[in-house]
Structures are given as structure tokens and as C-alpha cells.
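Per-chain numbering from 1; labels A, B and C assigned in written order.
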Amino acid sequence: MSHRELDDMLGKGWRKPAFVKNPLLRWALLLGFFAYLIAAFMTIEVDWGRVYEGLDRGWAFVLAFTSPDFISRWTDIWSGLLESIVMTVAASVVGILISIPIGLGAARNIAPLPIYMICRGIVAISRALQEIIVAILLVAIFGFGPLAGFLTLSFATIGFLSKLLAEDIEAMDKVQAEAIKASGARWPQWINYGVQPQVMPRLVGLSMYRIDINFRESAILGLVGAGGIGATLNTAFDRYEYDTAAAILILIIGIVMALEYLSGIIRARVQ
Amino acid sequence: MPILERDDAQIWRRRTTGQSLVRWFGWLLGVAIFVYCWQLISESTTWFFVWDAPRIANDIWTRATPPKWDYITQLGRPIWDTLNIATLGTIIALCMAVPVAFLAARNTTPSALFIRPIALLVIVSTRSINSLIWALLLIAIIGPGVFAGVIAIAIRSIGFCAKLLYEAIEEIDHTQVEAITATGASRWQVMAYGIVPQILPAFAGIAVFRWDINIRESTVLGLVGAGGIGLQLSASLNVLAWPQVSLILIVILVAVMISEWVSAKVRGAII
Amino acid sequence: MLRLQKLTKTYKTGDQALKAIDLEVPKGQVLALIGPSGAGKSTMIRCVNRLVEPTSGGVLLDDVDLTKLGSGALRKARREMGMIFQEYALVERLTVMENVLSGRLGYVGFWRSFLRRYPQSDVDEAFRLLDRVGLLHMADKRADELSGGQRQRVGICRALIQNPKLLLVDEPTASLDPKTSRQIMRLITELCQERGLAAIINIHDVALAQMFVPRVVGLRFGEIVYDGLPTGLTPEKLTEIYGEEDWEATIEKVDEDDDVEAAE
């Protein structure tokens, strides 16, 4: 904006400069957005009668939270929950162990190019595929049961953790690592002394976070037959046993909260 | 850092004997838990299927290739529905998340004793439960369809967005708020001038980030009947139409990549 | 015009920041408040417009006791008192013009301010003020693009557009270089003279205070230990306010600086 004189500006209105400078583009964006919204609303078919009928059931479900039924299906709930936990633990351990070498390989500053490409490829594939889709394919291949769920979660953990670990390694302090290299350390020694201490706290934090995610995901894998509490929950919904469903959901929420609390403590301790 | 005296020589150890023992015991316990988990998984697995897996995988692969390309003409509407579920779900979630976040943030909550815990409970419970489970629940209540999908995505996203947003609110610069208060501005004016401009970039980032995630999640909501492309996927799986399945998977992958690209672009433009 | 009566502030931690302060500021007088960090300077001016709630005592602005006002009346009273902050406290993601106009928030309704539709008289006044401080050409820049001195000028405009009777100024020069500090202090005192405003300026730089204001109040541990002319600040008095130090250098430096400026 060029230098303007006060007298020119007095008496003239003032408007806030627009976020999108070009007025044509601005209006096009705005119009396009509203046109999309209207089109989207038009194409959603809502059976309001059905929704209205459902309100009673919705209310019944809300009420079910005040009197959850842990007892009548306890054996189902317990076996489902145990399977979820078992899958979570096993998949987290395996996933974290595998994702460490892949994360090292996917960090450009410590891995040679061919290894970098391979590891980044693995990460990209793992991240692009939804857990539930992977679970469907693995169930088709390995049959029903927690093995498919375990493999799914391990696979997803690798994509998640390797990517973040690699980014962390790429962002680390070069000088510290160089100092170790200057002492004549071999590659494994260099990783152990120069890199590991820098990324360890974050690796622990991310691992805890991933365990949390794995547990939440394990709750839905049962929907496609890959083991866990999801199958029990699905049955409860199918039978309209809202009090049992509420009990399961409360358990899931409780465990997730406990995991978050635990990971908070652990993260505070390693940092 | 203990120094042991042995044979008149000083030996440096990183840990004392007691510390080492505790660590070894911890590792032992961890390994034992893992082995136990693995046994449970192994027990409920039909190993015959697993040994047969390479053959089955190969079989599926030959059936699935090449994808049935002309099936794509029937996927237009499901893709549109998927986009709508993600977008409308995100918009609704943001509308709900903003007040929840303001109620949950320590510096804006009207009552830290009563309202804040409720807001935090809303956040943790909506966050802990996967959108597929919300979809299951909503289908039981209001019937299958796109609408249930939109609401499921919206509910799941409230907690996620509200959590990130309230953390952003808690980090704002307090003196800017003070300065606006000192002009004699009302409560809402302080909000609009002192707080909102500070959290707007975070808000935009969260919105786009969640939209990206929601595109992924809405592709699979159809598996439980909540509309979108997942419906076609589940139908094709049920009749074992593998060439259709492979095409749908390709479409989902492309959609996920496009949404990731769009969200990266938009985030770059805003921040 | 402004009278503090036995103003006391005790924080929840038990720290007594202000111990029964009595102070009178007549109309149009600019007053510097000096004292070491933690003496209660910042608390005192924040108690005046109740950004910090005083524990007891009275703050009388034109015979209205601000400590007894409800929230609506307090907002009306706050319009009479412009405040200028240490770290500028501009809303960084808003434009310069929005920051200046935000000084009118106490006068316009919510929707008007939300839609940025301020009355033309306010807009004109904002332009005039920006011109006065030499930032008219920056009106549509975002506040975080400005330098420290420029930001503080915008902060001054924001305080003045409130059309206040009194300016509360909290360490206006703490984050500025010496030259800009002087320019800002000169600007504030000049504007106060032009408009006949009273001002309380918190400042830790004694030399700067002596250079620009006619009255200095020294605060130590929440109590007034000096109230008088800047020339009366002898080394003994400064020791009383700040503690033991070689004060001759500080005072002499002031004179030298003045000479240098006069020579320019």
C-alpha cells in the first residue's frame, strides 16, 4: 500500500482487508462451498419418521448408561475384553519391535538411500490402508480369530510408529550425534550413544499413545471377525441389549482413560 | 553410578546390583506376559488355515486381478456419499466442539468445579469410542443410511477436535486478552477480539486434519451399513466378487491420498 | 481526579503486594511510578482498572469508587482509563486498524464490533491517531509485522481512541531499545499534554522517568517511600527505594544524555 494522506482517508469507510484478495475468487469459493453444502444436504436421504421412532430407543440407550448390565453376559464380555487386551499387548510389542529398525531405516540422515526408499515404502503402504480393511483381508487369508487382529494391529503400529520415529530422528540435534561419531564409534555404537538417548523419551511417549490407539482399534476388529470385544458389542446391539452394550462401552472408556493416565505418568518419568 | 571394588580394582557399573536385578525382573515379567498373550492367541487360532494361508492369498490375488474397471460407473454415488459423510460430519463436529472446548479450557470455563469435568467427560467418552461403534449404535437407533454415518463421524470427531482446541485455548497469550478487557469490552467482545484471533490458526489446522481422518473413516463406515463406499465393499465381499473388491480398494486408496494432499495444501495456505 | 484510599492487595499465596496505598493524581498530571521488580507497581495500576481485584481500600475516579462497581458499570468506567502494556499486548493476528479500533469496544455493541462496522467518527479518529504517531500507511498491516516501537505506538493509539481521562502505562519501554524508549516516552507525555490527560507510568528506568515527568512516586515492598519532584531523587532516596548501589553514575548519566540530545 502506498503512502496515503490523512485528508484523503478521513470520512471514508474502512473495511478489513479480505483473507482472499481477489474478489472474484473469494465469491467463487464462498458460492462453491454453499452450493456444495446444499447439494450434500439434498442428497442425504433422511427418513425422519424412522429417526423419530428411533428417539425412544436413543433415550433408552442413554438411560442404559445409568444402569449398565455387567452381569448377564459377563462371560462373553470377559472373554471378548481379554481377547482385546491380549491382542493389544502382543501387537504393540511386536509392532514396536519391528518399527524401530524400520524407523531407523526411514530416517534420511542415518540410512542409505536404497534402505530409506524401502522403509518409506513400507510406512506409506501401512498408513494408506485402514485397519479395518487390512483386517478384512487378513481374516479372508488366515481365517477368523485374534491372529488376524493381532497381525492387523502390528501392521498398523509399524506404519504409525516408524513414521513418527523417523521424523523425530531427522529432527534430532546433529552436534550430539557428531560428537559420538568423532570419538570413533561404530555404527551400532553411534546409534546407541548418539541417537538413542535423544529419541528415547519421545519413542516411549509415542509407544504409549499407540498402545492406547491399538486398544481402541481392537474394539472394532471383532466386527469383521478378527477377534476382540467388537463381536460381543455387535451382538448386544443386534439384540437391542442396550444395558449390556452400555456396560461394554463404559469398560472401553474406562480402560482408555486408565491407559491415558498411565501413559501420562510414564511420559512424565522418562522426560 | 556405583564403583565396585574387586581384586583391588575399581569396576564401573551403570547400575547397582539391586537396580540390575529389578530391571531383569521387569524384562522377565514383560516377556512372560507376552508369551502368555501369544499362547492365548495361538489357542484360538486354527493353525491349519494359517499354514494354508499362502495358497489362499495367492488364490485371492489371482481372482482379484485384474480389477473390474467398468464397475467404477456404479461407484460415483457411493463416493459422493462418502465425501458428504466426512465433510458434513466434520462441520457438525466443529460446531459442537467449539463450545465444549471453551467450557473445558481452564482459562475460559465458567466453572472449573462443575462444568469443566462434564466437558472433559464428553471429550473423553466421544474420543474413546471408534466411529464404527458409534455407527453401529446409531444404526440401531435411527436405521441404516448416510445420515447415521454423518452423525457417527460427527460424534467421534467432537472429542478429538475439542481436545486439541481446548489445549490451544489454554496456551493463548493472556496479556492480549487483558488488553482487550482493559478497553471496557464486554465478555463476548473479549472472546471475539482477544481469544478467537489467537486460536483461529489452530482451529483451521484441526478442522482440516480431522477432515482428512474422517475421509478415511467414512470409507469403511458402510461395512456396518452407514452409507458410503464401504457399503459396496461389504456387498462385494459378501458375494466374493474379488475384482470389484480390488477396484474399490484402489478407489479408497486414491481418495485417501487426495484428501491427504488437499489437507496438506490447505494447512500450508492457512498457517 | 484519581484517588487511591488505603488500597491493599494480598495475593492468595499470602504475598502482600500493596500495603494501604494512599495516592492522589490531579487532572492532567503525568506521574512516574518507580521501584524495584516486585515492588507492586504493576499490581497497583492493575488494581486501578480492576484487571486485578484489590483486596480492600478504594479507587476513586471522579468520586466514583471503582471497587464497588458491578460488571456493567465497571466496563463503562474502564472506558475512561486507557492502558498501555509492557509487551505491547496487541492482538497479533489482527490488523493495525483493528487493534486501534478495539479501543472503542466499550462504546460499540457486540455485532457492530464483530462485523467490524464501526461508526465513521471512530474510523476517522483512528486514522487521525495513526497519522499522529506516523503509522497511517501501516493501517492494513497485521500487528505481528510491526517492529517493537511501531507496535507500542499502535498500543498508544488503542488507549487514546478510548477518549480516556487517565492513562495507565505499564513499563512502556521495557522491551524497546534506548532510542525508541525515549521516543515512546516523549510521545506519551506529549499526547498527555495535548489532551490534558493524567497518567500513571510504571517505569524501572529512573533516568528516563526523570527526563520526562514532573512527579515521581517511589514504591518499595508495596509502600510509597518517595513522592515528589524528579530532582529530589538523591542517591539516598534511590537507596531507600532500590537498595544499596552507586547511584551517582545513574544521575550524572542523565545530564550527559540531555546534553548530547541538546547538541543534536
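Basically, a contact is a pair of C-beta atoms (placed from the backbone, for glycine too) under 8 Å apart; a residue touches a chain by one contact, two chains touch by 3 or more.
Nothing here was measured: the structure is a model prediction, and the numbers come from that model.
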Just how many steps, at minimum, does a route from subunit A to subunit B need if it may pass only between touching chains?
1
Larger contact count among A-C and B-C belongs to B-C
Chain centres from averaged Cα atoms put subunit A and subunit B apart, in whole Å, by 4
Chain-centre distance (mean CA atoms) for subunit B and subunit C, in whole Å, is 48
By the touch rule stated above, which residues of subunit C touch at least two different other chains?
98
Which subunit B residues qualify as touching subunit A in the complex?
30, 33-34, 37-38, 40-42, 44-46, 49-50, 53, 56-57, 60, 80-81, 83-84, 87-88, 124-125, 127-130, 132-133, 136-137, 139-143, 145-147, 150, 216-217, 219-220, 223-224, 233, 237, 249, 252-253, 256-257
Quick check on the complex: what are the subunit C residues that touch subunit B?
49, 51, 75-79, 81-83, 85-87, 89-94, 98, 102-107, 110, 113-114, 155, 158, 162, 168
Please name which positions on subunit A make contact with subunit B in the complex.
36-37, 40-41, 43-47, 50-51, 54-55, 57-58, 61, 82-83, 86-87, 89-90, 93, 128-130, 132-133, 136-137, 140-143, 145-147, 150, 216-217, 219-220, 223-224, 227, 230, 233-234, 237-238, 240, 245, 249, 252-253, 256-257, 260
Show me the residue ranges of subunit C that touch subunit A in the complex, using the header's touch definition.
95, 97-98, 116, 118, 120, 123-124, 126-128, 131, 136-137, 139-140
Could you list, by residue number, the parts of subunit A that touch subunit C in their complex?
1-4, 6, 9-17
